[in-house]
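For reference, chains read A, B, C, D, E and F in written order, and residue numbers begin at 1 within each chain.
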Amino acid sequence: MPYIKIELTREDVTREKKQQLIKGVTNLIMEVLNKDPLLTHVVIQEIDTDNWGYNNEQVSVMREQGISSDIKKA
Amino acid sequence: MPYIKIELTREDVTREKKQQLIKGVTNLIMEVLNKDPLLTHVVIQEIDTDNWGYNNEQVSVMREQGISSDIKKA
Amino acid sequence: MPYIKIELTREDVTREKKQQLIKGVTNLIMEVLNKDPLLTHVVIQEIDTDNWGYNNEQVSVMREQGISSDIKKA
Amino acid sequence: MPYIKIELTREDVTREKKQQLIKGVTNLIMEVLNKDPLLTHVVIQEIDTDNWGYNNEQVSVMREQGISSDIKKA
Amino acid sequence: MPYIKIELTREDVTREKKQQLIKGVTNLIMEVLNKDPLLTHVVIQEIDTDNWGYNNEQVSVMREQGISSDIKKA
Amino acid sequence: MPYIKIELTREDVTREKKQQLIKGVTNLIMEVLNKDPLLTHVVIQEIDTDNWGYNNEQVSVMREQGISSDIKKA
């Protein structure tokens, strides 16, 4: 019964990574909430980088400036 | 004033079927809630089968295995 | 597999009307798209009238002014 | 922390207009709610005109009939 | 940058379980997509059982009939 | 025709601030996209601080630790 929507920018997310997200979320829901996986729906929505903004800037502009959204290395 | 979002997989939903969904939902809202249809917005969002999962599996993988989401025949 | 979200203002929508919305949408999806009802999830989200606006006005203010969102009578 | 989703029909919204929407919403959130812009995410979702309906009609059909959604001139 | 919405029925989800969902999803996004956790927002939305339906039935009615959404035991 | 959803934490957002958000967004849509305000719907969704997480932490826990989401002062 849970429904989970994952929204992220359209930047080379492979079919395998999508599969990992679907299985990872479904298993988390099983572990934490004990829900029947048949009832758990996971939807991944990819958004063009022109269409996402944070920190008052368009993501496509950040990418042109070399700013990534990756984990910062220590 | 109601806003209705219909999310489904992108699998040959024709323009006519979309029209049927829009009119069917708008009429349902008129009958049950008595709402002015000018204020009822219906949005259909098609999702690639790689991007939807249920039962702990990607829909595109299910389709390759011949598993449909259609009504089961008796 | 379809997921349908119905958003409307919180204004005396009874349990019976919610049941009618759920069954009405599920049957529409069966008729138009032939989808297994086990996979069709319908979620109704009620929004306080202070939290919805259209026509550049808060719905709660419209209600105080006697403006409804009902079907206009001929 | 606010997350804002803007859904509109896919009808020639330029990159510059998307930038204006992102900055306009982020600044509004800063002014009204005093929120750190780093935490404000704005997502624009463009919907095909076949996939949006209001007033019990598909937007693509309205466009064929010459009906726009623009501001009415006085 | 990912935004994740988890929708589930309002049925005794404790603060600790919500914390587990937030951390579980954020870590999954880090592992699969390498995204900076500062940019990953997770929102949990609880829906009254009168307001969710699947299998053409209201969840509150299913609960009265003793039908759960839990994992089926072998 | 645009539909805008604003999601934020439930932390003392007054009716007046909600009115400002509704008018601010509607006017932005008029200025940038020239859309008829009658067709612009703005929905504000308040989320309990237990139900929102970012930076791998529940917002309610951050608040207990004195961490705000406000604009950082220079």
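As a working rule, contacts are C-beta pairs under 8 Å (C-beta built on N, C-alpha and C of every residue); 3 or more make two chains touch, one makes a residue touch a chain.
Computed from a predicted model, the values in this text were never measured in an experiment.
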{"item": "Neighbouring chains shared between subunit D and subunit E, ordered by label", "value": "A, F"}
{"item": "Set of chains adjacent to subunit C and to subunit E", "value": "A, F"}
{"item": "Subunit D against subunit A, contact positions shared by both copies (same if over half, else different)", "value": "different"}
{"item": "Pair with more cross-chain C-beta pairs in contact, given B-F and A-B", "value": "A-B"}
{"item": "Subunit D and subunit F, separation of their C-alpha mean positions in angstrom", "value": "16"}
{"item": "Distance between chain centroids, defined by C-alpha means - subunit B, subunit E (Å)", "value": "21"}
{"item": "Junction residues of subunit B - those touching two or more other chains", "value": "1, 3, 7, 37-39, 41, 43, 52, 54"}
{"item": "Every chain pair meeting the contact rule", "value": "A-B, A-C, A-D, A-E, B-C, B-D, B-F, C-E, C-F, D-E, D-F, E-F"}
{"item": "Subunit F-facing residues of subunit E, complex", "value": "15, 18-19, 22-23, 26-27, 37-46"}
{"item": "Partner subunit F, residues of subunit B touching it in the complex", "value": "1, 3, 38, 41, 43"}
{"item": "Footprint of subunit F on subunit D - complex, ascending", "value": "1-9, 13, 17, 20-21, 24-25, 28, 30-37, 39, 52, 54, 59, 69-72"}
{"item": "Touching residues on subunit A, where the partner in the complex is subunit D", "value": "7, 47, 50-58, 60-61"}
